[in-house]
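You will see two complexes here that share chain A, one where it goes with chain B and one where it goes with chain C.
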Partner chain A sequence: MAARIRREECMARSDELLKDLGLDVDLHRRIFDAVDRNFRETVLAQKIRPARMAYFDGVIHEAHGGRVREIIERRAAGDKLIGTFCIYVPEEIVLALGAIPVALCGGTSLSIPYAEKLLPRDICPLVKSTVGLALSNTCPYSPIEDLAVGETTCDAKKKTWDLLAKNGDLYVIELPQKKGARDRDLWFEEVCQFKTRLERLTGRTLDPERLAGAVRLMNRKRRALARLNDFRKEANPPLSGLDALVVMQGALLDDAIRFTERLEALNDELEDRVRRGIGVASERAKRIMISGCPSVLGNWKLHALVESAGAIVVCDETCTGSRYYENLVEEDRSGLEAQIAAIADRYLKIECSCFSPNAERIDSILRLAREHRVHGVVQYVLQYCHTYNVEAVAVAAALKDAGVPSLKVVTDYAESDTGQLRLRVDAFLEGLGR
Partner chain B sequence: MAARIRREECMARSDELLKDLGLDVDLHRRIFDAVDRNFRETVLAQKIRPARMAYFDGVIHEAHGGRVREIIERRAAGDKLIGTFCIYVPEEIVLALGAIPVALCGGTSLSIPYAEKLLPRDICPLVKSTVGLALSNTCPYSPIEDLAVGETTCDAKKKTWDLLAKNGDLYVIELPQKKGARDRDLWFEEVCQFKTRLERLTGRTLDPERLAGAVRLMNRKRRALARLNDFRKEANPPLSGLDALVVMQGALLDDAIRFTERLEALNDELEDRVRRGIGVASERAKRIMISGCPSVLGNWKLHALVESAGAIVVCDETCTGSRYYENLVEEDRSGLEAQIAAIADRYLKIECSCFSPNAERIDSILRLAREHRVHGVVQYVLQYCHTYNVEAVAVAAALKDAGVPSLKVVTDYAESDTGQLRLRVDAFLEGLGR
Partner chain C sequence: MRTDDVTAPDLFLGLDLGSRTTKIVELAAGAVVGFEVFDTTHDSIEQVRARLDRRDYVRAAATGYGRFLMNAHLDCRVVTEITACAIGTRFVRPQAGLVIDIGGQDSKVILLGNGSGAFADFEMNDRCAAGTGRFLEVMARLLGFGIEEFGRAACEGGEMITLSSMCTVFAESEVISLLAAGRDRASIALGLHGSIADRVYPLAARFDVNGEVLMAGGVALNPCLVDLLSKRLGRPVVVPEHPQIVTAIGAALAANEGVKP
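Entry: the complex of A and B
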């Protein structure tokens, strides 16, 4: 009862906030009630969760509430909000200039129709959901964001930025398509130019000391995420794939310092669980890696499917997984240029399928499969994502050579194909044997 | 009767050639009989065609016959065959090294199932048709090509090259995604590296004199194509859109010198036709621009639809249209580096939707619409081509502002949607009024 009243109070306060921001409160409620229900029915419905997951549940819950309020306060104090759509945006530079990076990627199907008024239907649900939130006037970050930062990772995003650039303040970072010496130069200069753009926006000059601090902070955050994921290598992991995903979704949204501290606390709890032999999976649970496209806030579909079938997701080789936390920025560089070069180097190590060739990604998948002792890999391809879809051919072949079965799942955010996907996932898991 | 016997003789000779090349002759016949029938029912079925189109019909007809034989002879004499998939590959450099550039893009739906054994279904028909010809062992250029040159223009192609690079000699040129100073540098260096790769392949050194000659030749070819397209500005154009397309398809395949000479002769005939008032369209025919994706050999679908509905295609803003022949390479540069820079500059002016932003393309569409006095524009989007599909939004808006109606057609190479497309095209043409 108390929880119910608290929840209603909380929603009333949020409605007020959204109204103050000029959002469509009714539509927002319709969309996010569904997201909320989805969250309850998947993440919150799990048993034997770590107690300290409560904080990360709250991050999801407060994404359109407390977090927005906190950012409004920081903006009132002169800090800027930077909306991002991709993990290639160097957060160190944003943080060092006192700005607030927040990923604005949409994971709900309910905002998609509003994007389809502008965009073609046959592009990826992530792009459409994101654009739909902005166009339907239900994204609380839109009215307060000082700069949105797009990138040229894929055709759909790149061309969508072209359309949106006319409607507001959108800055597009160019990512090269290969990883040769020339590409490194281009990328380094893009990062420098991004720094200059943010300096202009914030009215602040990037300070080497502050940048070194931001590098240390982001590395600490990455180490904490890596530690979390190390627990997923245990024979009986102390947390589910859904919970690991919730933490990752929070990582793209929450304040970096607070998030890292809370994650370190969660890690301590997980270590204790391991010591006490508390795990979330049955002994016979199949260990699954999800590899490919990200699952951003609102999207728990595939993880829920796999885990409700009795398996456990022990590894995410995605942008909401290893691609976000693997590789640290070198900390011992002195001088702004060398520091920025170290940052650029780290981000260019991310193994997005947008690169050609991208053999390193396949090496990573094989390594992660070994480290996490997976029984099988589900390749997750968001519908119409050509790069992951085509690269899936080479990934499947490499996994087959390594004796690891894999299943490619192409889907969007809709619930209409859940039944069919469940059948395919069940059959795949069954085929993995004992 | 004589024509029939000649045709059968010719086919027997081709079968022998294809067999010698180790191709699947039966499958080849099945696929290319359909292409041939399509060609007869669309292009050859037209009335009052210019007499000198016969040569260009022959280019299409000999694509898997005489042209292959001629290339085999040149290879025996030491020249190399360079297969291309995109008009960004600098032909001047290929020609100056005595090599033979041939576009290997597939325009038939019948080879697509063979690609879908490797590639996902939901990528563009052009990529699938091309790959399908190679994988089904029906492309006569595959066994004799010395180097295939891919590029990073779109997600589907870029990632397909990754897969195919393992199977043979495939070189991938990196195209940048923007057109800033850094991108120009990257592109210039890519062109230089391409030159080095071709020098290694051919065992020849790029000679400034020969390069200057190749630049003049390609400029002459472009001027001839531009002159051909100028005739399409006439009140009653002396050639159809289908015939202009056949010429363009030949341009990507035929020997550059012979093609240009024959095109100049055709242009003389067209000039004579204009002088004598011979046109191919009725006075009330609606003047249509086709804008967007290319229509490569085998694909006459949209042009045939538009023109069989009584309209005339007077302009192609596509890779098999203005994007191939607009902008010349500066001829007065001295020294190899300056010459290559001029070549790189010209190719970077091509307004492919792969660039972000790409406002120049919209300017060109509006200019061409004025110059060719079009009544309407059909935006042609090959299915799953995200870049043209998303950019179509901005193009339609700009056309609307300029008072030019437009229709977006998303389709593949199949005949299954022809009826539906015909209805849409008819309705669009009717809506254009008198």
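Entry: the complex of A and C
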């Protein structure tokens, strides 16, 4: 009862905030009630969760409430909000200039019809969901965003930026397609130009000391995420794949310092659980890696499906997984140029399928499969994501050579194919000897 | 359910709840002793329950589209149709290395390995039902053929008319245009079968097969499709006596698994 009243109070406060921002409150409620239900039925329905996951559940709950209010306050104090759509945007530079990076990627199918007013139907659900939130007047970050930063990872995004540029301030970082010497030079130049653009926006000059501090903070955040994922290597992991995903989704949204502190506290709890032998999976549970496309806030579909079938997701080789936290920025560089070069180097190590060739990604998948002792890999392809879909062929072949079974699923955010997905996942697990 | 009868061998049931038809197989002492095939209706729980009540069995296992529904209402094991089809195929045709199962709403190709698992790998059509049994039904009706005669009629087609779409809705308008243009309906039928074979062939061709290729599922009763697939794959496609019940046999074997004789 008390919880319900608190929830209703919370929603009323949230509605007021959304109204003040000029959003469509009714439509927002319709979309986010569904997201909330989904969250309750998947994440919150799990048993034996670590107590300190409560903070990260709160990050999801407050995504369109407390976090927005906090950013409004910081903007009043002169800080800027930077909306991002990809983990290639160097957060160190944003943070060092006192700006706030927030990932604006959409993970709900309910906003998609509003994107299809503008965009063709046959592009990926992530792009459509994101654009749909902006066009349906339900994204609370849109009215307060000082700059949106796009990037040239895929064709759907590139052309979407062209369309959206009319709607407000949008800056596009060019990401090279290869990783040769010339590409490195181009990328370094792009990071420098991004810095100049942010300096102009914030009216601040990038200070080497502050940049060094931001580098240390982001490295600390990445180390904490890596430690969280180390616990997933345990024979009986102390947290589920769904919970690890919730933490990752929070990482792209929450304040970097507070998030890192809370994550370090969660890690201490997990360490204690490991010591006391508390795990979330049964002895017989099959250990699964999910590899490929990201699962952003609102999207718990595949993880919930795999884990409700009795397996446990022990590794995510995705943008909401290892690609976000692996590799640190070198800390001991002196001079702004050398510091920026170190940052550019780290980000270029991210193994997105938009690169050609991309053999390093396959090496990483094989390494992670060994480290996390996975029984099988589910390659997750969001429908119409051509690069991950085609790269899946080479990934499957490499896994087969290494003796690791894999399954590719192509899906979107809708629930309509749950039966078909369930069949594929269940059959895959039966094949692993569930 | 079973009463204490010491003379009769233990009976195990396999229930395959497909999107179009439901199949029940009876297994006793390692042999199929009976089976039933009937259309799936909106109330498949009652359909199946009534049939189970008439039988004295030890255990049942459900597979297919409605497997979780059965599991929620009846006391039975659950197994996916991939595993069930693989087990059933090994039972009816031990020489098989690959099985193609085209059902009412999906098509699957399962590689049977030498390992300990029921199968080595599988491929399925994407989420759209194009090129499955349902597609054949709609097209047969459009051309005025019964589903049983559709395949035979297509074998009589003088030429294979290429159809550009496998989407049931688009193919329907394409077929209507061809009929309006006075094209021979057997040749259109042959073209439709050809487009299904084109859809299934790449799924099967991804695998290196050791052993025979078997076709299961109701669509295996269609001689034209079996012939076209044999030609595309360059090897004979074997059809067992009752292809529709291969998966239900696998479910019955799964019901029996781990139970001491």
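The rule is simple: the second predicted complex is superposed on the first by the 433 of 434 C-alpha atoms of A that agree within 3 Å, B and C clash if a C-alpha of one lies under 4 Å from a C-alpha of the other, contacts with A are read in each partner's own complex, and residues count from 1 in each chain.
The working rule: a residue touches a chain if its C-beta (ideal position, glycine included) is under 8 Å from a C-beta of that chain, and two chains touch if they have at least 3 such contacts.
Just so it is clear, the structure is predicted and the values come from calculations on it, not from any experiment.
Engineer: Once the structures are superposed on A, label A:A226 by its partner contacts, choosing first (chain B), second (chain C), both or neither.
Structural biologist: After superposition on chain A, A:A226 lies in contact with neither partner.
Engineer: Looking at the overlay, does A:L423 come into contact with chain B only (first), chain C only (second), both, or neither?
Structural biologist: The answer is second: A:L423 touches chain C but not chain B.
Engineer: Between chain B (first) and chain C (second), which does A:G433 come into contact with in this model arrangement: first, second, both, or neither?
Structural biologist: After superposing on A, A:G433 lies in contact with chain C but is clear of chain B.
Engineer: In the overlay, work out which of chain B or chain C sits against more residues of chain A.
Structural biologist: Looking at chain B versus chain C, the one contacting more residues of chain A is B.
Engineer: Is A:I278 touching anything from chain B or chain C once the two structures are fitted on A? First, second, both or neither.
Structural biologist: Neither partner.
Engineer: Just chain B (first), just chain C (second), both, or neither: which does A:L366 touch?
Structural biologist: So A:L366 meets neither chain B nor chain C here.
Engineer: Determine, under the contact definition given at the top, whether A:C192 touches first (chain B), second (chain C), both, or neither.
Structural biologist: neither
Engineer: For A:A402, decide between first (touching chain B), second (touching chain C), both and neither.
Structural biologist: A:A402 sits against neither chain B nor chain C.
Engineer: Both chain B and chain C touch chain A; at which residues?
Structural biologist: The overlap between the chain B and chain C interfaces on chain A comprises residues 410.
Engineer: Please output the residues of chain A touching chain C within their complex, sorted ascending.
Structural biologist: Going by the criterion above, the answer is residues 405, 410-411, 417, 419-420, 423-424, 426-427, 430-433.
Engineer: Any idea which chain B residues touch chain A in the complex?
Structural biologist: 118-120, 122-123, 152, 154-156, 158-163, 165, 172, 174-178, 180, 182-183, 185-186, 189-190, 353-354, 356-358, 383-384, 386-387, 389-394, 410
Engineer: Any idea which chain C residues touch chain A in the complex?
Structural biologist: By the definition above, chain C touches chain A via 65, 79-83, 106, 116-122, 124, 126-127.
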